[in-house]
Amino acid sequence: MINCNKEQVINIIKNIASTMEKNKEYLTELDSAIGDADHGINMNRGFKAVVEKLPEVEDKCIGTILKTIGMTLVSTVGGASGPLYGTAFMYAGREVTGEKELDLTDIKNLFRAALEGLVKRGKAKPGDKTIVDTLTPVVDYFKSSLDEKTDNEILEEIVSIAKESMEATKPLLAKKGRASFLKERSKGHLDPGAVSCYLMIKEFAAVLKGVA
Amino acid sequence: MINCNKEQVINIIKNIASTMEKNKEYLTELDSAIGDADHGINMNRGFKAVVEKLPEVEDKCIGTILKTIGMTLVSTVGGASGPLYGTAFMYAGREVTGEKELDLTDIKNLFRAALEGLVKRGKAKPGDKTIVDTLTPVVDYFKSSLDEKTDNEILEEIVSIAKESMEATKPLLAKKGRASFLKERSKGHLDPGAVSCYLMIKEFAAVLKGVA
Amino acid sequence: MKKIINDPEQVVDEMLTGMVMAHPEIVRVNGFNVLIRKESKKKDKVTLISGGGSGHEPAHGGFIGYGMLDAAVSGEVFTSPTPDQILEAIKAVDTGKGSLLIVKNYSGDVMNFEMASEMAEMDGIEIEQVIINDDVAVEDSTYTTGRRGIAGTIFVHKIAGAMAEKGASLSEVKRVAQKAINNLRSKGMALTSCTVPSVGKPTFEIAEDEMEVGLGIHGEPGVEKIKIKSAAEIAENLVDSIVEDLPFKSGDEVALLINGLGSTPLMELYILNKSVQDLCRKRGIKVYKTYVDEYMTSLEMAGASISMLKLDDELKELLDEPADTLVLKQGGKKDD
Amino acid sequence: MKKIINDPEQVVDEMLTGMVMAHPEIVRVNGFNVLIRKESKKKDKVTLISGGGSGHEPAHGGFIGYGMLDAAVSGEVFTSPTPDQILEAIKAVDTGKGSLLIVKNYSGDVMNFEMASEMAEMDGIEIEQVIINDDVAVEDSTYTTGRRGIAGTIFVHKIAGAMAEKGASLSEVKRVAQKAINNLRSKGMALTSCTVPSVGKPTFEIAEDEMEVGLGIHGEPGVEKIKIKSAAEIAENLVDSIVEDLPFKSGDEVALLINGLGSTPLMELYILNKSVQDLCRKRGIKVYKTYVDEYMTSLEMAGASISMLKLDDELKELLDEPADTLVLKQGGKKDD
């Protein structure tokens, strides 16, 4: 069964950081269309700070690591995504306090808790054209019976679910965040937060599949 | 010998007004290069006001007509060209007070006085890249012996002298007016005021030659 | 990108440094993007904290001073400040009488200020918060985020600031701030986009004959893109939406704010003001006081917004109280 | 052309109407492009008249009021006002104590003000005149027109205005105005051109990676066109020229004005200010007071100018006197 040790957690985070750097312009471009042209810049600034912070907590438990990441994001990202991703990581971290290694149940709980934090902070519902749209189906998938699936199947499926859900934000009318002010004009564009969330899930799966 | 009655004076003024309207953009373009992009607008505004004022003074002497034109230019053109052309017309008018018809001597005096007014007001010397550059050689020409020339010759020559002198401002370095602030960069451009002055002389000659 | 800057990543820090170098009456809290009054904590008053992303200058630091704000927090360009910065602002001016946070209704601002309030309350500081949502371009009902806050914010700073200066309690200060918000409506338009320094190119494309109507202050596109119009027609579009929304009625007295978004010459703001005043007169709305300037900008965006605040006797009195900030200075006797 | 205007030919008239509608403390002289203090002629003082083309807002009307100007005359956009308008301004505020005309060194301005002085003197009004030529971009010697006047003008308004408010004689007011001019130097740069409304297109072309250095305030091109530079390098270019020209020396105390030309965000002006202050410190020049804002603009031109005024005790005291104008408001006791 899927398993994730601390080194892998650290790798996931570092890979997320470099994917945010690579996609800085792309995410910002997406945010230009329906927001204020800063999502990539925000995420990159946040994860750069996270990577700088990692050495301080590397020998703590995974819970502490995730909570520290959350706090770092809160205090460096700003905007909407800062408190949202920050809270998500803090909630995820709280779920796995003391752990040095995560099994499938831990991972399921961790994703559920992240979504809980996100929704508690942002009060968005699925379909509002936000981060929530990407994460919710992934959490739902984890709730289903996964007993017959191989690790690879699970990891591939969460990525394809996240991708589909992210792409599905395109025709939606935004109900939360800055894009909601555009009303009808928010339709026809991907939601930047949904895309950054997909990128994170992709890096998560890649490390666990050992292909990153 | 050359002769100019009141109707002709009025016609010259009206034709100058319409040539300023036609050349509004051209003069402004010239002023964009080495000044502040308003010479055509200024001249057009001034001569439009002059034409509106004409009916009030049409049955006065030519001197009064010219002085009124001068005063109207002063109070409507603004900028550098307003006081300059205004003073020129006022000085010209003073020279021919009481006249209903001008002979060659009157015309010579009138041009000389206009230049005097211009120089008194603006203190420019020939070669400073200003209106003075166009007008000075014309006044000089009037000072030479014109006894053997026909009217047409005289009228054609003042136009070609004015044209040449106007064109000769192109390589000059401006020493007066806004263009002087550009230093070396003022070279290679016609002086807008030299051009507007040439346009006036052209209209003057055209009416007296009866070809306008 | 044509900007007078050094490193695009350092614009906020350098700006704040340049600002306190110019104005000894405001002080930067060491290590934070927080500006406060030089004489803070000297007076037993409720403190007012406002803020948001940078790029809206003179907002918010320009409104620190007697009769308005005690502290202003700056985020990155167009990015709401983080909770730790906001908390620092709250603490730096805390007098023990409580703080009112003046927040514009953007998810980011609301969430970050909310987190900061929670932290401050844990530190034993009493916190109240008002959310400004003056922009009529977005309708409340269908959009759960509601309306965003734009330049009308200045009136809330002024009204709440005057009340705080009188020594009123936190709940009283909050009451008048909320009253101002309830009577406040705004709408904006833009002729050009702005360019975020770290992005390096304009946020949106717009043709030479087009304008955006109903936009915010973060370079986001407007609610609709239409053909460019005359000042009189622009005034009509904005005033109609504003007036019909509250609604403002014949006989009402209002304060008016004609706000430049960054690169609109004062000449154009005054021409717009003329049309707006004409429209108010036609509708029987009495303009009690008018402010025309750049108060809350979007970097170098060309455009303007109009804000109208319906006044009663209390709001009028508070509006007329003296203020002594970098941008808004009004006469009258100060009692400190 | 992207502007919030109606008829391009009517911009000056509509702007002045919109301006007095917003600000009851200034009044327009009926039928003229002249703004005056509401309370003019109330006091036995020398009157100060300034003006020039329009398009420089808030100059010059924004400096009418206690401690600065009595009247401001507006010409068409970038076109000096005509003598009859200037004469009307002189007469509208005349108290019998004489008038000082504050003129920037442009042929047009100088000639029009000169004609107006002649007319006013014929009407029995005592007139003195000072010519401002603070721009170091143009060298005196070789150019008979001399140097032009730019944003440093604001300091001359302030110094002379404070002196006039004390009840000083015309020759005393002129003396301090001339002293300010003698100790004043400025230089500007631009990143973009501006567009005169009645022309409808930019006055000059400039590439995306170029800037104009040493330009005036009428949209005229600069003395040189160079590759775009960082804020620190721009500051160095401008400060070096200014400092070496007077020259300003180590130990000198100065007042500094960082002036935005129209569309430069306040953010950039503050970043520029930081660099300028650093350079002054390095040279041992003490900055006594700093002003950062849009004081004298060129419509929507992006760019800035720096002005430095060397202070002695008298200039310092006059600079510190209170002022109460639309744009510049300073505290202190007013004695009227």
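Letters A, B, C and D mark the chains as written, and numbering starts fresh at 1 in each.
One rule holds in what follows: contacts are C-beta pairs under 8 Å (C-beta built on N, C-alpha and C of every residue); 3 or more make two chains touch, one makes a residue touch a chain.
Given the structure is predicted, the values throughout are model-derived calculations rather than measurements.
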Next on the checklist: Just to be sure I understand the contacts, which chains border both chain D and chain A?
Outcome noted: C
Item to check | CA centroid of chain A to CA centroid of chain C, Å | outcome: 33
Checklist outcome for this item: Whole-Å distance, C-alpha centre of chain B to that of chain C, is 55
Next on the checklist: Please tell me the distance, in whole Å, between the geometric centres of chain A and chain B computed from their C-alpha atoms.
Outcome noted: 76
Checklist entry - Which residues does chain A have that touch at least 2 chains other than itself? => result none
Next on the checklist: Can you tell me, using the touch rule above, whether these chains form a line, ring, star, complete graph or other shape?
Outcome noted: line
Next on the checklist: For a test of understanding, state which residues of chain D touch chain C in their complex under the given definition.
Outcome noted: 2-6, 11, 14-19, 21-23, 54-55, 57-58, 62, 191-192, 208, 211, 228, 230-232, 234, 258, 262-275, 277, 290-292, 294, 297, 299-300, 302-304, 324, 329, 331
Item to check | Of all residues in chain C, those that touch chain A in their complex | outcome: 53, 75-85, 106-108, 111-112, 114-115, 135, 137-138, 143-145, 148, 196, 198-199, 203-204, 216, 218-221, 223-224
Checklist outcome for this item: Given the complex, residues on chain A that touch chain C span 28, 32-38, 41-42, 45, 74-84, 121-123, 128, 175-178, 180-183, 185
